[in-house]
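Remarks on the structure that follows.
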Amino acid sequence: MWPLIILLALIVVNIVATGVDFIVPSVNEDGRLGGAFVNILRRSAPLLLIALGMTLVIATKGIDLSVGAVYAIGAAIACQTIIDAPDQTAAGLVFSAVAIALVVTAVIGAWNGVMVAYFGIQPIVATLILMIAGRGIAQLVTGGQIPKVQDSSPFTELGRGAFLAVPIPIWIAALVLTALALLTRRTALGMLLESVGGNPEASRLAGIRSKGITVLVYLVCALCAGLAGLIGAANLGSADANNGGLWIELDAILAVVIGGTALLGGRFFLLGTAIGVVIIGTLEDTIINVGLSSQWQFTAKAIVVFVVALLQSPEFRAWILKPIKRRPAAPAPAPAEEVQAK
Amino acid sequence: GGGDDSGDGGGSGDGLVVGFAQVGAESAWRTANSESVQAAAEADDRIAELKFVDAQQDQEKQIEAVRNFITQQVDVIVLAPVVETGWTDVLQEAADAGIPVVLADRGVEAADEDLYVTRLGSDFAEEGRKAGAWAVETFAEDPDGTTRILELQGTTGSAPANDRKAGFFEVLDAEGLPYELVDSQSGNFTAEEGKAVMETFITTHGLDGIDLLYAHNDEMGLGAIQAIEEAGYQPGTDIQIIIVDGSKAGFQAGVDGKLNYIVECNPVFGEQLMDVVVQVANGEEVEKFTPVEEGVFDASQFEAELPNRKF
Amino acid sequence: MPATAPPGAALVQMTGIVKDFTGVRALDGVDFTLRPGEIHAVMGENGAGKSTLIKVLTGVHGHDAGEILLDGEPVRFHSPKAAQAAGISTVYQEVNLTDNLSVAENLFAGREPRLGPFINFRAMRRKAKALLDDIGIDLNVAAPLSSYSIAMQQLVAIARAVDIESKVLILDEPTSSLDRDEVEVLLGVMRRLAADGTAMVFISHFLDQVYEISDRMTVLRNGTLVGEWATADLPQSELIGHMLGREAATLEQIERAASAHRVEDEEPLVEARGLGRKGSIAPYDLTVRRGEVVGLAGLLGSGRTETVRLIAGADRADSGALQFEGRRVGGHNSRTAAARGIAFCPENRKTEGLVGDLTVAENMILAMQASRGWARSIPVARRDKLVAEFIEKLGIRPADPDMPVKNLSGGNQQKVLLARWMLIEPKLLILDEPTRGIDVGAKADIQRLVAELSADGLSVLFVSAELDEVTRLSDRIAVLRDRELIAVLESEADMTTERIVDTIVAGGRES
Amino acid sequence: MTTQTLTERPARSTLFDGLTRYVPIGATVALLIALYLGGVANYPNFDSPQVVAKLFIDNAPLLVIAVGMTFVILSGGIDLSVGSVMAFSTMACAWLTVDAGIPAPAALVMVLAFGTLWGLAIGAVIHYFNVQPFIATLVGLFLFRGLTLQINSEDVSMREIEFWQWGMTHVDFGEIRDGGFWLPYLSFVAFAVVIVAFVTLHYTRFGRGVYAVGGSESSALLMGLPVARTKIGVYAVSGFCAALAGVLAAFATKSANPLANVGAELDAIAAVVIGGTLLTGGAGFVLGTVAGVMVWGMLNTLIAFQGNLSSWWARIVMGILLLAFILLQRVLARSGEKRRT
């Protein structure tokens, strides 16, 4: 609930700064929806995909630092495959380029999962390996160049096109969000994930295939990252192995946590993550809209994140409200000392 | 025991061992630069081996690389410094070890002048000035009086971003061009962010009435061009665009009429660098600064120049 | 010893204590008085609010209304540390130690002997050794606490609390996983402290212990105060009546259900042949027939847990073979075991049993869901029905299936864990200390349930530190000593507490 | 039965009990030595003692932040702000001494005090408001990068100020040209930090409290340990270390760069974890962290000596070396560790 309030506040700030045009979608000549907020959503799609995958990983008490590198690999493979072909506009080619990219990223994810589940390596280290090597692999694929796909290739539609007036990246992100939500909430997968994250040993003794689930989760996360890379590359028509998705893992984790999922595993909230992503996306625009210079980007982000984090903390709210609620001089107990039998 | 110094210079008889501490691989420009240097060293008989280290844009890593070259006792160290300051000690160590240092691309602060032999590279402020000069010329008689400018800066705090900005506005101010800097944000030298920032510029300020977009490199410029097209405008016509660098893709965009002016920043100076390195190793006199040959190109030259582009 | 208030005056006086948790009122105007030098038992069913009362007193939880006086002075502690500083030393219900540190460090954490600013490890180990010797346990004090069983850890926690010089010592179910001998030692220590003038609060579901040691008792029910009595004035049956709010007649000892059917005739369900694991349990043979209840008896650390974990597939055996329903079991692990119908309810509910963040309902259906696979989730209606049924059957309170299980009282958590395994309708139910921390009423319910299930053909293998419970429920008893299975007692005559103790002692002599 | 020995004592050596927790760090050190010998066998001049000394010259600031990070990770937290705090501290040194003209020693004290205060503040937020450490310190990561850029968006030189020369002053051990090596003063500062950290973690109540809180915070609270002080304390230590690392960086380069140390927090975390400390808290050693930093530096040195790797192959090889290292460490640790039940 708090993230939603913050998001609304940000939107209000933007509306005050730039007028209601900010939120009201406009219709472009070619019938596509445009406007500031739609653009934010469209641009946030890759981050959303990654953050969704990350949510699942975090639910199992893991973390995936390699998503940025996987993003770059997905983008690199797709673009390189396309530009290596004689006819960049062939639909079949684009289809196979996308398929190859997704298969490779899935394999990478499975690898991460195996390292964590079967070799018992701490997730942060296991994925650090690919975080370091992954960009190298992406650069290897592109030979250090930035492959540029012809604008006429159907591939670019993935990032720039629209379906029923709504930009395709938004469709993809919404679809994945719905699919994951259904998959985790309609089946028992969500509960099993939370169980593995909450208490792996108890889960094992209860007969849960915790290793299989762990591998699956990392696989899905990498797949999401690969897909995000495809959208990013399609949007630009090019793949930048070195900078594509750089530090996106931090933003993704940030979005997950803003959305209310704890890094300690257990309960996860896909919708919360989505809101977190939109907050981050809106924030970047807000800085420009209220006329702050580039130097402010980091500082403003820090402030907003801090406010969200504090508002989400019941202890903070109690502390702030205390002087209002109760006036008696008797010192109330410091709230943080309450032990919730953790 | 460390008495075994047989490596001294890696067999000075058959050529030089050169250590090259490169900034990173952060852009196509940089990759082209690395490849040019590596290829030139490979092809050059006078060079026995090129030790190449990529510091991933981190000064500490680069200093570490230089120290490693010193320990390896290479003949010449080539350094492409990430930033200008902070090199005194490590350059002094190289001097103490009797290894000459050549700077490539960016420079170091003036006070360290005695610690390197020569610098070969581009002058970012000059590139900014070149861009500024064209802007002044083009918009001298702007019908509405003031030239309204959007700027896409490079990575906040990096030398090219700072100098290209400074050089550009230096000329504008000096020439007295009436202008308004409508907005200026960092696009981190990447197409991705260049596009995103441009989209926001468009929604915030609109494009009508904006005269000029100045992008500190190709990638950002190309990203911005897409954003402009997607918003339904004609880049190069509805808004004039200057980019710095001049990659193939940049020139292609120029040929397609999507941008108006390219200030070259040439990464392909490997052969020039090898000549300098050999001269330095032989103790010959060299100039303190050797500029890389760079040009400027306007719409009339794009077509002709495109085939000559190497990156 | 700290000076005590004049006789008769209250050392601790709590009046009108109210504590609300979101949705639950755990304490509702409870009064509690602790007098100097007395041992005061707090009694009540699972979830009555005993632990909460203690936690309010010692500053773990703040309270919403009421007053606490210590030595006549109003106090409100902000943390257990403050309470400790004021002379209240506590052993909380769950073992609350840090098992990554050594035994000695746990004993002295926060009050390590020092040389200047530095900890004197040598002195600390020496003192730790002495302290443990004092209560009769022999551990390697430099080893990490995690290498010891939950019972051992409980003893360490008690030793720590006892050693902190204090005027009030609070013990919240300290004996739940202890053997009778350890209990004896603990009671001895308590008597000694009482003689020195330390006032004590004692919480236990073992009525005989309570009657043996306590001077007075306060009974809680459903978060409210029922009353306070001198132990001598309150007969056991009346106490139970007060606790449960109903007549105690239902609590008659349960007849051994085993006598109802002849298990010898049944075919074996499980046969372990030479099953063993290096460094953990010597190879053993053990047979469990259909419908049979086999109890495991032994001292702490004798290897009972290890024995059943091998059969449950929780650990991998490195020798021997296991037959289930006449077929040899290969690739045995928790998952395949559950699929075959082997349910294992582990002894440490906090670390091996429950998933604290999940709800009661989710924890209950976890094993069932795991055996169905993730794709086939249990239909909501079916799930609600099953969960409601077991909440009812086991008397889980509050009867809210959507409450995070970590917010339940200890005993109710245990019941949730039991429910999880009963739900999968197993063929073999392995229970490791199933009645830890469960109140008298519920214990009787559970024992009856085990008897009933076995009458229906379910086999049960169970471990309990309470020999009475073992003898009462079992058809046969396997006796362990020193990580070896030394005897299986079959005949009616053999299955007495005395025989078991004799066997353990003799077994040692013979080998 | 008497109460002589109530419990049975499994046949298990006490020596082994004590040693199991040293297995990961033992494995790390053994592999480190193997890496070094591999380098010596393959590259000329790798046996120069300066190769080892260099690990402590170039990585001195990393070592210092990694030590601070060790405290935080042992307590079960994480500190992502160190890289930015470090860059900010270097920039603050430059700003205070070059622009504001404050005497350098005073500036140094101010910067260190700032780092500590920041740690205290964020620790208090984490503890009292129960904000996840990852988020709270991520705020620091953004905030101080932003503030650094706002102080100055370009690099600043401090060479004119005499004081900053101190850090790189050499101490020579033997004749450098034939088998000697040198270390600057700032390496000794880093060593001092390690020693103090080691003693604090292992021989003081605060240090043991860090392990206890990392093992189980709620238990530590119920045991009556000063949880608040410990949790806030570790962030203060980390903040101090980050500021100190910033000062060391100022010494090392006599310049401040607003974009310095991006990602340093990950390097530090990696070093800590490679050194055998568990990210979940409660288990690990500060000496393991030293080994972790050395591994990190050694891998970089190997790649530099190899010298013919393109940018991408360098990354890939780094990844492969790290992978091999971690897998081997894991295998060694597993075979050494007896599975407990």
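First chain written, first letter: the chains are A, B, C and D, and each begins at residue 1.
We take it that contacts are C-beta pairs under 8 Å (C-beta built on N, C-alpha and C of every residue); 3 or more make two chains touch, one makes a residue touch a chain.
The structure presented is a predicted model; accordingly, all values stated were derived computationally and were not measured.
Asks: Would you mind naming the chains that touch subunit B and likewise touch subunit C?
Replies: A, D
Asks: Once you count every C-beta pair in contact for both, which comes out on top, A-C or A-D?
Replies: Looking at contacts between chains, A-D has the larger number.
Asks: Of all the other chains, whose mean CA position lies farthest from subunit A?
Replies: Comparing chain centres, C lies farthest from subunit A.
Asks: Using mean CA coordinates as chain centres, what's the gap between subunit A and subunit C in Å?
Replies: That pair's centroid distance is 44 Å.
Asks: Where the CA atoms of subunit A average out and where those of subunit D average out, how many Å apart are those spots?
Replies: 29
Asks: Could you grab the centroid distance between subunit B and subunit D? Build each centroid from C-alpha atoms only and quote it in angstrom.
Replies: 34
Asks: Using mean CA coordinates as chain centres, what's the gap between subunit A and subunit B in Å?
Replies: From the centre of subunit A to the centre of subunit B is 33 Å.
Asks: What are the residues of subunit A that contact at least two other chains?
Replies: Counting only residues that touch two or more other chains, subunit A contributes 139, 144, 295, 297, 334-335, 337, 339-342.
Asks: Enumerate the residues of subunit C that touch no fewer than two other chains.
Replies: In subunit C, the residues touching two or more other chains are 60, 79, 314.
Asks: Residues of subunit B touching 2+ other chains?
Replies: Touching at least two other chains: 24-25, 31, 34, 156.
Asks: What are the touching chain pairs in this one?
Replies: A-B, A-C, A-D, B-D, C-D
Asks: Along subunit D, where are the residues that touch subunit B in the complex?
Replies: 43-45, 47-51, 54, 57-59, 61-62, 149, 153-157, 159, 168, 178-180, 249, 252-263, 297, 300-301, 303-305, 307-312, 314
Asks: Going by the contact rule at the top, pick out the subunit C residues touching subunit D in the complex.
Replies: Where subunit C meets subunit D, its residues are 60, 79-81, 83-85, 90, 92, 96-101, 105-106, 109-110, 112, 114, 117-119, 121, 136-140, 142-144, 146-147, 152, 160, 179, 181-182, 184-185, 279-280, 299-302, 305-306, 309, 314-315, 481-483, 501, 505.
Asks: Looking at the complex, which residues from subunit D come into contact with subunit A?
Replies: These residues of subunit D touch subunit A: 125, 127-132, 134-136, 138-143, 145-147, 149-150, 153, 217-218, 221-222, 228, 266, 269-270, 273-274, 278-279, 310-316, 318-320, 322-323, 326-327, 330, 334.
Asks: Per the contact definition, I'd like the list of subunit A residues that touch subunit C in the complex.
Replies: Where subunit A meets subunit C, its residues are 186-189, 191-192, 194-195, 198-199, 201-209, 213, 266-267, 330-335, 337-342.
Asks: Inside the complex, what are the residues of subunit D that reach subunit C?
Replies: Residues 1, 3-10, 12, 14, 17-18, 21, 199, 203-205, 208-209, 211-212, 214-216, 218-228, 282-283, 338-341 of subunit D touch subunit C in their complex.
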